[in-house]
Structure formats: structure tokens, C-alpha cells
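The following blocks contain the structures, represented as C-alpha cells.
Look for chain A in each of the two complexes below; its partner is chain B in the first and chain C in the second.
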Partner chain A sequence: MAIKIIKNFFKRVFSSIFRNKKDIKLGFYGPPNAGKTSLANRICKDFTGEEIGSVSKVPHETRSVQFKEKVEIDYKGKKMVFKMIDTPGIATKIDYEEFLKYKLKKKVAKERAKEATQGVIESIKWLDDMDIVVIVLDATENPYNQVNITIIGNLVARKIPVLIVANKIDLRKADIKKIEAAFPEYEVVGISAKYGKNLEEFYESIFKLSKKI
Partner chain B sequence: MKCSRIIPLGSKELIEGCENCKGHFFFYIREEQLEKIKENPIEIPEEEKVSIEKDIREIAGITEEDTPVILDLESVRVTGSGKFEIDIVNLFNKNRPLIYKLEEGKYIIDLASTLNQHTKDLKEIKNPDKE
Partner chain C sequence: MKKGVKKKDLGQIKGFSIQFIPYAEIRHLDSDERLKKILRIVLGNNILILQGKLKPEEETRLIGDTMVMIEHLKDFKGIELAVISGDENESIFDKMKKGIANILAGGDLGAITIIGPATIVKEIKRNPKKIELLLNK
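Moving on to the complex of A and B:
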């Protein structure tokens, strides 16, 4: 009888420990072509050796939500397991004519526009499932727009921890200060996903946010 | 939309299909709009109704004809072939179903996919009287 009680006690203790160790769902959100997939790829490649999705100069390359399970990030001896969720870029207007500039055929461009629209809807539907959201912004672009403000506003309303990443800091036009000024209540980390620049600060911030869940 | 009958909100006909024409394709009318519509009914030609439903079901990915589709104000507007405007503020609002506007007077609501995530809401529609 006593053995049974002790056994049950340990079972309960261990199951509660493992329940807490569920993978943290880390979502990458933002406007198209900001570098969400590039950043997710960089992290996945560093820690799993595999990428999450394809990257292109043509906007709306990611048109459906992509996942990578069990990504164990090892930073300064600390380890955390994440489920990475890369989402299609959120936009308010998608016009196939924009894709024609990249020499896409009209029919292909129209199909891309339709899929990209479905992608925006899918991204938004997934938002409630996230534990932490990384908002990836292009540091060379003006941060004051409806997409960025709406995404951030909705994350705050849902009480989801947010990290803002100012990507493309390798480019001369990049202006992190403008992003910091636009969203003063949030931590902004400037990185270059393409060249893997300043990722340490990014990991540090992600680990810090993970404690808030 | 097929027979232009007005069905009250929360009716089981929205799930099971219109009792009159068996259609599963509806246009949501707000109370204030209802008065206006009663005065000036909108007429859509029969063949156009068929093509609207086909287009909408394709975009929304609701191919099963039994799945209800309800039309409301737009959160996705199709301004032309391959051209879309998305009202993200509306989309982020969890209480609103997904709505497509194809062009002037052509809308769809993706009730099915919206409710897949919120089965509680579906239950409320199926049994409007029950808690």
C-alpha cells in the first residue's frame, strides 16, 4: 500500500514536470518580404541542420504556415525546445501585377495572389496558438503601417509575449531607431538573418521572453 | 440566396439548408440593412448566382456543397482577377467570420472554416435555444 502511494506520488511529480516541458510555440509574423523565413531558416539550420522553407525576392513566397518541431536552441549552455511556426506575410493588398515585375507569368502571378490571400487568413487564424511571437520587420522600410500596428495591437490584446526584430541591418538604408521609436514599449533586436548578424542578442531575448509564458 | 427567402439568425436552416430551396448559400443582412433591402430588393441573375457560389467556394476551399456559406460585409475584397484587398483589422477580430467580396454585390463568408476553430459557436448556431 505504502509503495503504491509513493509510486503514485512520483508519477504525479514527473508528469507535471514533463507537462511543463512542452515545446514552446514560437511564431514568426510580419509583412511580406521582411525575412521571416530567412530568420526561421537560420535558426533551424543552426540547430537542426535543416531549413523550414524556401526564400525568394518575389513577395509572398511563403503562402502556407510552415512548421519545424523539436528545435532545441542551445544558448550559453541553456537549452530550450521550440516548435517553430513560420507564417505567410500579412498584407492588406495583394495584386498579381506586382509579381509580374519579377517576370512571373500572368497566370502564375494570379494564382500566387490567390494563395497569398489565403495565406494571410491562415496566418491570422494561427495567432491564438502561439506562445511567443517574433515580429520580423524590414528595417529599411517605414514601420508605421496598418499591418504592423494591427499585428502588434492584437498580440497585446491576446497577451502573447512579443519580440520585434529589425531585419536587414546589413543594408545601408536600415534604421533600427525608427522601429524603436514606433514601438517604444517593446524590445527591438536588430539582426541580419541573411548574414547571421547579432543572433546572440536575439536568442537572449527569446530565452528571456520564454520565462514570461 | 437561391430563393431570396429571409431566414432568422440562429436558425437551424443555416446548417441544414434552406427549407424552401435546399440551398446552403446565404447572404447575411444586418437589421438596419434589412429595412433598406425590403424597400429595394437586389436582383441577381440566376447564372450569376451559380458562378458566384462556385468562385467563392473555390477561394474559401469549401468544396462540399452541403457546407453552409453565408455572405456578409467584406474582410477580403476581390477588386479584379488576381487582385485582393484584405481587411486585417476585421480578420483579427475573432468574433467575425471570414468574408470575401468578389465585386460589387458579390460576397461570401467562410463560415465553415471560421467555425472549425470555434466549435462552441457552431453548437450555439445548431442549438440556438440551448446554453
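Moving on to the complex of A and C:
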């Protein structure tokens, strides 16, 4: 009996250590306002009941890297544990005056711009630490944006598996085909993070990519 | 200029120039020196047209350095950046041929990189067939 208890204890300890190592670091990257946090929130809410961060119409709402540990995604009977990493949108320019259009006060807008520049630097630094990256693009915007190409180029160079998500497919202007044409070598999954549309296909693709790590 | 078109009708964009740099100018520079050279040109209110393209990690470093400069330099709002590569639809054989040529030359000479300060270049509109530079007035 005592041996059985000791055995079970060690089994629990070792399995928890092993599970920690196996948590897959899932990063959400992309330009500002594409819906990275909305998608991460949707997943976290579904599987942990908690959100990862706040969302806003004002660009650069996420200005520092946000995490959610131990998110166990249960899809069609398969389970995988992820560490979700939501990153600030990457941009090549940040102008505080852009924020004034959203009726922010000048001082607040300037502070937001300053934090946003630091957020971009932080996002770039984190590229090295990802196991899988989801590139979240706004399907209503032109995908031929150098930031998207630069991020993907870096992930390819680091041999990190990439999934491209075309978000906001609930909007009439959304054009997934344009995104597929821009990135023909990658799988593109069209979703609506806001309404939780087509997330099954997204989970399917994530589980598939997880095997490539 | 067409007869009857006054100079002022063409719009008044002042205080910048366009610089073309052949790849040979940066081939022997390390990443630090390349980025310094590029940023020096862009910060001098110039639009840079560079033959070839940077490595992916140099591009991200350029973005990172740009962010640091936005924080520290008054009136600098960042850059607009676009890279146009050669024909994506070419055959594997053509790609291999080009690959060997690029290895010998040291960079993708079929590509063109355009970098401009955001205060001058409003947007670089890109689609597979054309590229448009929209300037701030």
C-alpha cells in the first residue's frame, strides 16, 4: 500500500514536470487592430473562462505582451495544453496624432504612442520564443503589407510553424481569397473572432501544426 | 511640362529627395552598418530605393530601431517600407538559376526595397502587379 502511494506521488510529480515542458507556446502576431486579442480572448474564454486582455477600436490597445498559462484546448476528444502569448501589433510607424481621431487627449495619445513603440520592440524580441505562431490579419485590409511579409520571413528563418488567420470574415468587405493569393504557401483559415465563427477549422489547423514542432 | 500647366498646380512637395543605392554599396557591410546607413538616409528626409533586399532579421531590426528613434527624435514618426521581389510564379528551374546567381552576387538583386520616412511617404500601396507611393502633401 505504502509503495503504491509513493509510486503515485512520483508519477504525479513527474507527469506535472513533463506536462510543463510540453506546454506549447502559441503566439498571436500581426498588424495592429487585426483582432489578435479578440481571438486569444475567445479561445481563453472558451477553455479557461477568463480573457487575456482588453480590446478596443483604437489601434495599439495591446502595448505589452500578455500571457495565459495552461490553456487546455479540448477539440474532438484530443487535448493539448498551450501557453497563449498575445503580442502588441507590429507597425513601422506610430503617430500620436492618429489616436487623436479617436478623441483621446493629447497627453494620453502621446503616452499611448510611446508605449506602442515599446510594444513593437517587445513583440519582435518574443519571436524567438514561440513554438507556433498564428498570424492574425484583418480580411478587409490589403494583405500585401510589408509587416506581414517581414514577420512571416522571420518565422520561416527560425523554422517556426505558421498559421494565417483571416479575421473579420463577418464583414462584407472581407476577402479571404486575396489573403490566400498573397500567401499561397500557407494555410489560411477564415474566422470571425468577434462572433466565434469557424473556430473548429482553426483548432483543427492548430492541432495539425502542433505535430510539426 | 505641358503648355498651360502651371508649376504650382503640380502640388508642392518640398524638402526631400530620392536616393538609389545599388546592392554593391551595402554588400560588404555587416547588419549594424547596413541599418545605420539606411536610417541615416531616411532620417535625412530621403526616400531610399535599394537594389536587393535585407535579410528577414535585418528587417525586424530596422523596425525595432525605427521604434527607438520615434521615442527619441522629435517629429520622426517612423517609416514606410516595401519590398518587391521577382516573379513569384517562375519555375523551380528559374528559381534555382536565380538562386545561384544571387549566391554569387551576395543578395537578391532581382528585388527592390523602398524605404521612406512616414512624414513624407503616406503609404506604399502594393499589390502583386504594381506599387504606388502616396506622399504627404
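What we mean here is this: the second predicted complex is superposed on the first by the 193 of 213 C-alpha atoms of A that agree within 3 Å, B and C clash if a C-alpha of one lies under 4 Å from a C-alpha of the other, contacts with A are read in each partner's own complex, and residues count from 1 in each chain.
As a working rule, a contact is a pair of C-beta atoms (placed from the backbone, for glycine too) under 8 Å apart; a residue touches a chain by one contact, two chains touch by 3 or more.
Predicted model, so just to flag it, every value in this text is computed and none were measured.
Enquirer: Once chain A from each complex is brought into register, does chain C clash with chain B or fit beside it?
Expert: clash
Enquirer: May I ask you to decide whether A:Val156 touches chain B, chain C, both, or neither, giving the answer as first, second, both or neither?
Expert: Only chain C is touched by A:Val156; chain B is not.
Enquirer: Which of the two partners, first being chain B and second being chain C, lies in contact with A:Leu127: first, second, both, or neither?
Expert: In the superposition, A:Leu127 touches chain B and chain C alike.
Enquirer: May I ask you to decide whether A:Thr48 touches chain B, chain C, both, or neither, giving the answer as first, second, both or neither?
Expert: Neither chain B nor chain C is touched by A:Thr48.
Enquirer: Which of the two partners, first being chain B and second being chain C, lies in contact with A:Gln118: first, second, both, or neither?
Expert: Both chain B and chain C are touched by A:Gln118.
Enquirer: Under the stated touch criterion, which partner chain does A:Asn198 make contact with: chain B (first), chain C (second), both, or neither?
Expert: neither
Enquirer: Which partner does A:Ala91 contact after superposing on A: first (chain B), second (chain C), both, neither?
Expert: Both partners, chain B and chain C.
Enquirer: Once the structures are superposed on A, label A:Asn142 by its partner contacts, choosing first (chain B), second (chain C), both or neither.
Expert: In the superposed model, A:Asn142 contacts chain C only, not chain B.
Enquirer: After superposition on the shared chain, which partner residues are touched by A:Ala109: those of chain B (first), chain C (second), both, or neither?
Expert: In the superposition, A:Ala109 touches chain B alone.
Enquirer: After overlaying the two complexes on chain A, where does the chain B footprint on chain A coincide with the chain C footprint?
Expert: 90-95, 113-114, 117-118, 120-121, 124, 127, 146-147, 150-151, 154
Enquirer: Which part of chain A faces chain C closely enough to touch in the complex?
Expert: 90-95, 113-114, 117-118, 120-121, 124, 127, 142, 144-147, 149-151, 153-154, 156-157, 181-182, 184
Enquirer: Residue numbers of chain A touching chain B in their complex, please.
Expert: 90-97, 106, 109-110, 113-114, 116-118, 120-121, 124-125, 127-128, 146-147, 150-151, 154
Enquirer: Which chain C residues qualify as touching chain A in the complex?
Expert: Chain C residues touching chain A: 55-57, 59-60, 63-64, 66-68, 70-71, 77-83, 88, 118, 124-128.
Enquirer: Touching residues of chain B toward chain A in the complex: what are they?
Expert: Per the touch definition, chain B meets chain A at residues 59, 61, 76, 81-89, 91-92, 94, 98, 110, 113, 117.
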